[in-house]
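One structure, pasted below without further comment.
Here the chain labels run A, B, C and D in written order, and each chain numbers its own residues starting at 1.
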Amino acid sequence: MPDVVFPLDSTRRFTDQDKIGHNRWHPDIPPVATLKPGDSFRVHCREWFDGEIHNDDSADDIRNAPLHIVHALSGPFAVEGAKPGDLLIVDILDLGPIPQEDSGPLAGQGWGYTGIFAKTNGGGFLTDQFPDAYKAVWDFSGQKATSRHVPHVSFTGIVHPGLMGTAPSHELLSTWNTREAALIATDPDREPALALPPEPNGAILGSLSGADFDRVAAEAARTAPPRENGGNQDIKNLTKGSRIFYPVFVDGANLSVGDLHFSQGDGEITFCGAIEMGGFIDLRVDLIPGGMETYGVSENAIFMPGNTDPQYSEWLAFSGTSVTLDGEQRYLDSQLAYQRACLHAIDYLTKFGYSPEQAYLLLGAAPIEGRLSGVVDIPNSCATVYLPTAIFDFPVAPTASGPVTIDPGIGAPRSSA
Amino acid sequence: MPDVVFPLDSTRRFTDQDKIGHNRWHPDIPPVATLKPGDSFRVHCREWFDGEIHNDDSADDIRNAPLHIVHALSGPFAVEGAKPGDLLIVDILDLGPIPQEDSGPLAGQGWGYTGIFAKTNGGGFLTDQFPDAYKAVWDFSGQKATSRHVPHVSFTGIVHPGLMGTAPSHELLSTWNTREAALIATDPDREPALALPPEPNGAILGSLSGADFDRVAAEAARTAPPRENGGNQDIKNLTKGSRIFYPVFVDGANLSVGDLHFSQGDGEITFCGAIEMGGFIDLRVDLIPGGMETYGVSENAIFMPGNTDPQYSEWLAFSGTSVTLDGEQRYLDSQLAYQRACLHAIDYLTKFGYSPEQAYLLLGAAPIEGRLSGVVDIPNSCATVYLPTAIFDFPVAPTASGPVTIDPGIGAPRSSA
Amino acid sequence: MPDVVFPLDSTRRFTDQDKIGHNRWHPDIPPVATLKPGDSFRVHCREWFDGEIHNDDSADDIRNAPLHIVHALSGPFAVEGAKPGDLLIVDILDLGPIPQEDSGPLAGQGWGYTGIFAKTNGGGFLTDQFPDAYKAVWDFSGQKATSRHVPHVSFTGIVHPGLMGTAPSHELLSTWNTREAALIATDPDREPALALPPEPNGAILGSLSGADFDRVAAEAARTAPPRENGGNQDIKNLTKGSRIFYPVFVDGANLSVGDLHFSQGDGEITFCGAIEMGGFIDLRVDLIPGGMETYGVSENAIFMPGNTDPQYSEWLAFSGTSVTLDGEQRYLDSQLAYQRACLHAIDYLTKFGYSPEQAYLLLGAAPIEGRLSGVVDIPNSCATVYLPTAIFDFPVAPTASGPVTIDPGIGAPRSSA
Amino acid sequence: MPDVVFPLDSTRRFTDQDKIGHNRWHPDIPPVATLKPGDSFRVHCREWFDGEIHNDDSADDIRNAPLHIVHALSGPFAVEGAKPGDLLIVDILDLGPIPQEDSGPLAGQGWGYTGIFAKTNGGGFLTDQFPDAYKAVWDFSGQKATSRHVPHVSFTGIVHPGLMGTAPSHELLSTWNTREAALIATDPDREPALALPPEPNGAILGSLSGADFDRVAAEAARTAPPRENGGNQDIKNLTKGSRIFYPVFVDGANLSVGDLHFSQGDGEITFCGAIEMGGFIDLRVDLIPGGMETYGVSENAIFMPGNTDPQYSEWLAFSGTSVTLDGEQRYLDSQLAYQRACLHAIDYLTKFGYSPEQAYLLLGAAPIEGRLSGVVDIPNSCATVYLPTAIFDFPVAPTASGPVTIDPGIGAPRSSA
C-alpha cells in the first residue's frame, strides 16, 4: 500500500481533519502535499456530502441535502516540476470503499447510496417526471452491490472516482465564471438552476484563512460541472488500471480527487445517480513536459480505461429520439434522446413490478451503457441505453408469455416534504 | 440460406428490378411479400444511394449526392396475423456485403464508402468545421476493412443494418409530418435543413402508380430520422444475432430494411459516417400479440444485441463538454459535448500525421464507442469517445517521447466545387 | 466473394466432382489449384464423412460410420513461390455452412451432427463410460444452434475448420509412419486402436491414378491426428478473422482444408464432438520466406485467433484430477484430469433431467472452454471445463432450493447394434 | 472490511503468530475460528514458503527451498452446522497483496516471485529442459506486474488463491495416502518424486501438540496436489467475485486457504510458476445442506468465476502434440502436448532476445490461457497456449520483416549449485 498523503478519520467531519481538503476550484488553494513524478500515494476520500446522507429508510436527507458543501475533495496534490503546458499522467492503481471499516454511519463503510434529487433541490436528468426526492441504500459485499430498496438485482460495481482534475489557472477560472454567469443570466430564477455561480457559503478551501479565504471563496468555481481540467466528469470507466492525461494549468498541476462511486450507469442519470461512497484511491503521477501542445490536449482530459471492468455479455437495450414527451420535435438533441431512452427502460421495468423510482435508481447505479447511437439523422438523434440482463434474478427479456411479476419489497423511500 | 424474398440484380438500378422497394414511409405502400411468424428469409439490400457513389479518388459524387432518392429500402414485408398493438420480433440471422460479388462498381461489391457531406448538401455532425465534401473508400477482406484514403488502420467491421422499421399508421404518419413541419417552420431556410418534409421528387413507392402514387408521394415521410417505428437508427450494435422488438402500427406490420453498413462508429458522425454498402440480410420474424401494451413498448424499438461483435480491450478515450468552440456555455447539451469529444480526438490524431478529414472519416467508420458519460452535472454534459488502439499499426498512446509520424498517403479526396 | 477454386456440388459424392480432393496426407498428391501470395479464394468443403450421416433419429449411421474414408479434404492448393522453410500465412476471411442451401440431406444444409462413436468403431474421450453410438442433430438458425435431441439449450456457434494443414515432405511422412507404427506395435489389437496406419482402402488421392495411386495410397498418412503440419487440430478458436502460420515442407506448400465445424467445445470430446458440417471457407494466403528458421516455427502451427468469437460472461466450471474412476492415482495426467472434469460436468447436468449422453453431446458441441489449470502439482494434474450458463433456458447454477427439472424430450438416438 | 479472523504479523514467522495455521491436510487439525453461514471474514495469508524466498538477484533460495514446509495455510475455519454431504459455498469477496505494506522482505509486500525449481528439488513442467533453478522477482503497481528479470512486459495480474479446500475425512485421507503410496511404490527413488508421502519433518498442525501432533503429523497428507477437497488447484480463474462449491467431508467443513498468487498462467508451468505472495483474502461462506448428493458433486470443487478478470483481445497462440522431443509417439497425452506447446512458445520468444528461462518464467506468471484443444484425434492430443500480445512493449507477431530485438536486461538469476 502506498503512503497515505491525505488521511481521513471516519469519526470526524471533513473540516475537522488533520489535513483539510476543499470543495471549490481555485488556483490559490495551497497544496496539501507535494509528490515527485513517478510517486505512488494513497488518498482518502470523503463521500461528496460529508456524511449528511444516512443508511436509513427515509429520503428526507436527500430532500434537504446541503448542495452548497459539495464536493468534498481531497487535495490539491502538487507534482514537482509540473508546468503549465505539461500533461499530467495519473494512473489509478487501486480504489475502493473505506478500508478497515465495513459498517458505520458514513457512506463507504460497507454501504453507499443513490439519490433522486427533488426538483427544488438540485433536480436531475428526469426531474420533470420525478420531482420528489427518493433514495436507495446499497450494501457492498466484495465488489457486488444489492439494495433493500431495489430488490432482485445484484451487480458487480464499476468502481471509479466521479471527480478528479487539475487546478485552473486564474485565467481559466475567469473564463469559467464569465461563461457560466452568461448562461445563468439567461434565466436567473430557473429551478433547477442552469448553473451554479461562486458561493462563499459552505466553501472549504484547505488551509486558507482570513482575507485570502474570503477572496478565494468569492471567486472559486463550484465543482459540479466537468470542465477543461477534468473535474466532475463522472466517467464510469475510470476504473482501476486507468491512465488519465490532464492538462496542467498551474505550477505543480495541483491535482484533486473525490466523489468516489462504487458503481454508476453512463450518465449518472439521477443526478446523485452513482452509488456514492467515501473510500480510498491509490494514484501514481508522472509528467509529459509540454504534452498539451505536443498532443493537442488543452481543454479536456484523455484517458486509457483499465481492463478489469465487470464483463457482461447479454444486454437488453432501449432507444430514444429527440421528441419530447409532449410530442414536440427537437433538432438533434442527444440529451433529450437519452432521456427518452431511459424513460422507455423505466416504463419497461415497471411492467415487472418495480416502481418507476426503483427503476430510475437502478439505471443510475448499475453498470448500464449509454450510447450516442445516431447524431446526424435530422431531426432526430438516437440514443440507446443497455441493461445487462445477468444482474436481474428473474428473466427480463420480452417473451410471448409476458413478464413475470416480482415483489418490489419496501420500495424506495420518498420525501416530498 | 433462407429463400430470397427480395432479390436485387447488381447490374440494374433499384427502380428497374423485379420487385420494387421504396424510399419513403407510408402505410399504403403495398407489401412485396408476406411471411408467416417463424419464417426465415433473405433480403437483398441496395446501398442507400443506389450506386451513385463510386470507388474512385474524387469526392464529387458525395458533393452532388442526390439526397432526395434515399434510402433505398427493401420491403415492406408483411407478417401474417400481425395487428396494431403487437410487438414484431426480428432476429438478424446473418448479413453482409453482396454475396457472390467481390468487385464491381456498386458499393457492397467488395468495397464501401464513408462520406463527409458538404454543408450545402446534407451537412453532418461537424459541418461547421468540415463544410466541404470528402470521401473514403474502404476495401473489404473478410470482415476487415482498410482504406487507401485512411492508411495505417485495419479493423474488424461491426456489420449492421442502419435502417429497419415497421410502417407507420396514417395517424402516426400525420403526427410525424405535423411535428417535423413545426420544427422546419422555425427556420425554413436553414442550411443544412432542420428536417426534411415530404418530397414527391425522387419518391419510390413499390408497386404504387397513378393517383395512388401521387397521393402517397405527397404525404410519405422521409427516411432520414429514426422514429417510433425504428427507422434510421444507425445503431451499430444491431449486429448478427441481435433480436429487435418493433411496435406494430398497421396490419401485417410491414417491415422494411436497408442502409447496410460494413462498420460504423457510435453516432455515424460524418452523416454518411458508416461504411455504406449493399448486400444481404437474413431475418426471422415472429410476434408477441398485444406486446406493446404488455411491455410498455409503444414508441421505440427495444433490442438484445448479438454476442459476436468485434472485441477490443485497449482504448484511448477523449472527453468533451457542452461549451462551444467559441467558448459559449450551453446547458447540458450532450450533442455538443460529443461534438467536442470527437473534435478532441481529431485534433489528437492529426499530431501523428493524419489530416483532420482522415481522422473524421475514421471516427465515423471504425467501431468506436460514444458514451453519454455525464448528463446531470450542470451546466456541462460530459460525452466520451473511445478508440480501439489495436486498429492502428503504430503506437497511438501518448508518451514522453512524443507521437510517431505516419505517412498519410494520398489523403481523403475533397470536393468543394 | 472470392473466386471458388474448389467447387462442390451437393448432389454428388465427393469422388464424383469436377475437382477431386483427398483424404490422406502425401507430398505427391497433385495440387488442384495454384494461388499467388496475397490471393483470396473460396473453397467448398464436404462434411468429413461425405454425407454418410443423416438428419434422422437413429444412430445406426454413427454406429457403422466408414472411418476409412475420412476426412474429405479440399485441396491441395499450391502457393506460387513457397519453398520448404517458409511460413505460410493463412487468413480465414469467412466460413460457414453450405451457402444457398438451408435444407437437404447433406450435413451443412442448414443442419449438422455430433456423434458419440462406439468403442468398437472409433471410440472417443469417454469411451469406457459411453461404449455405444449416439447422435445429436443440430439445426442452424443464423449462427445459433439448437437440437431436438438436446433440448433447452441454444448457443452461438464458434465456426471453424477442424482440419487445415500443409503437405508433409517425404521425409516428414516417413517420420510419421515410423513413429506411429512403433506406437501401434505396442498393442496392435487394441480397440479402439492406438493409431491408424496407412490404409489404401477408401483412399482418395485427387487426380492420382494407376501405379502412382497405389504407391501413394500405401504410404499416405491418415488424417485423424494433428501433426507438425497442423492437420486435424480441432482448435475451436480458428474462427473468422484468424491468421495461422504453417510450416512449409514441400514446394508450393500444398495447403488442404476441411472438417468444418459449426461449433465445438475444447477437446471435441465425443470424438465426433463438434457439430460437423460441409460448407465454404474463404482464405487468403501469403508467405514469410525462411520464416521457419527466423521464428523457430518448424513443427507446429502458430496462430492469432479472430476477435468475433461468441462472448459469454457467466460460467459454471468443473474440475478434475488425475485419479481414475477406479481410484488409481496417476502421475500428472492432464488427459485423465480433463476426462474427470467432463464426467463431473455430465453427472451434474443429469441432476436436471438430461441423460448422460445428452450432457456428453452438449459438452462436445457447445463453445465450452477446457483449461489446463494445474500441470505441476504432483501427482495430480487439475483440468477444468467451463460451461457458459447463458446457453441454458433454465437456471443452471447450484442453489439451496435444488435443481429444476427439465423435460429431456426424445433424447439422443442410440445404436448398440 | 470484514473482521480479521486469522491475522498475520509480517515481522514474525508463520509459526510464531497469535494463531497458528497448518501445512498438512488432516481432519483432526482443530479449527482456528468458527463462522456462521452467511458470515464474511478476512484471512491473512503467508506466502507458501514463509519468507524463505527473497527479493534479490540470486536463485540460491529457490535452489534450496525447503519443500517440506509448504504450503503455509490459514485455517481451518469451521462453519456452524456444516455436515458431511453438504456443499460449502465460498464467495471470494476480495483479495490482494499484504495491505498496508508495499515494501519489505516478505513476498506480498509490494512484490512477488516466480521460480523454476531445480530437477533435484521439486522439478517442474519442463524440468528435463530446465534442470537448474531460476527466479524472477515481480514488482506490483496497482494490479500491474513488471520484472527487472523479465523486461519489456507489463500485465494486469489475475489475482487468486492457488490453494483452498475443505478438510478430508479420516476415510478420505486414508484413500489419498493409499493411492499415492501405490504410485510412489512404482518408482520410489525417482527424482523428482512421483508424489509426496506424509512427512512429519516440518509439519505445522495448528494448535496440536504432543502425541496428537505426532500422530497427525505421521498421517497427514501433503498439500501439493489438488484432490477431492479442492486443495492446490492453482486455477487462475478463482478471482475476485468467484463462487466455489466445495464438498464437505467433516463436521464444520474446516476450510483452509493460502498460496495467494498475484498472477499465473494456466498450468503454473514452472512449478512455482505463479507470482507467489502473501496477502489477504475476504471470504463469505454458506451451505447447501445435502448438496453433494443433490448436485452430484462429491469428489471435486465446482465454481463460477468472477467477471472482472483482466481482458485481452489479441492473442498469439502455439500448439503442441503428444510427440516427445525425441520423436516418440505417445497416445493422446495432453500433458505432453501442453509441454510441447509451451516449448514452442519459448522457442519463439527467444527469437526476440529473451533467454529460454525468461520466456519460461513469463509463461508461468502472465495470464496466459492453456487449452485442451483436441483430446480424441488418435494418437495425438493437441494443446494450445495463448499469449496476450498487449503485455509486450514490442510487436510480437510474426511479420515478413522478422522479429525486433529487445534488450533482455540482466536476465533471470540462476543457481545450479
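Just so it is clear, a residue touches a chain if its C-beta (ideal position, glycine included) is under 8 Å from a C-beta of that chain, and two chains touch if they have at least 3 such contacts.
Predicted model only: the values in this text are computed from it and were never measured.
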Check your understanding: How would the chain B/chain D interface be labelled, same or different, where same requires over half of its residue numbers to be shared?
Key -> same
**Study point:** Chain located farthest away, centre of chain B as origin (C-alpha)
**Key:** D
**Study point:** Intercentroid distance (Cα basis), chain B paired with chain A, Å
**Key:** 32
Practice item. Averaging only over C-alpha atoms, locate the centres of chain B and chain D and give their separation in whole Å. Key: 50
Check your understanding: Between chain B and chain C, what's the gap in Å when you average each chain's C-alpha atoms?
Key -> 39
Review point. Which chain D residues sit where two or more other chains touch them?
Key: 307, 311-314
Point to revise | Chain-level touch network, classified as line, ring, star, complete or other | key: complete
Exercise for review: Would you mind writing out the residues of chain C in touch with chain B in their complex?
Suggested key: 1-2, 40, 91-94, 99-102, 141-144, 156, 240-241, 282, 284, 306-312
Point to revise | Contact set on chain B toward chain D in their complex | key: 311-314, 390
Exercise for review: Please name which positions on chain D make contact with chain C in the complex.
Suggested key: 87, 124-125, 175, 179-180, 182-183, 192-196, 224-228, 230, 232-237, 245, 266-271, 273, 287-289, 291, 294-297, 299-305, 307, 313-321, 323, 327-335, 338, 340-341, 344, 347-348, 350-351, 369-384, 386, 389, 397-400, 402-403
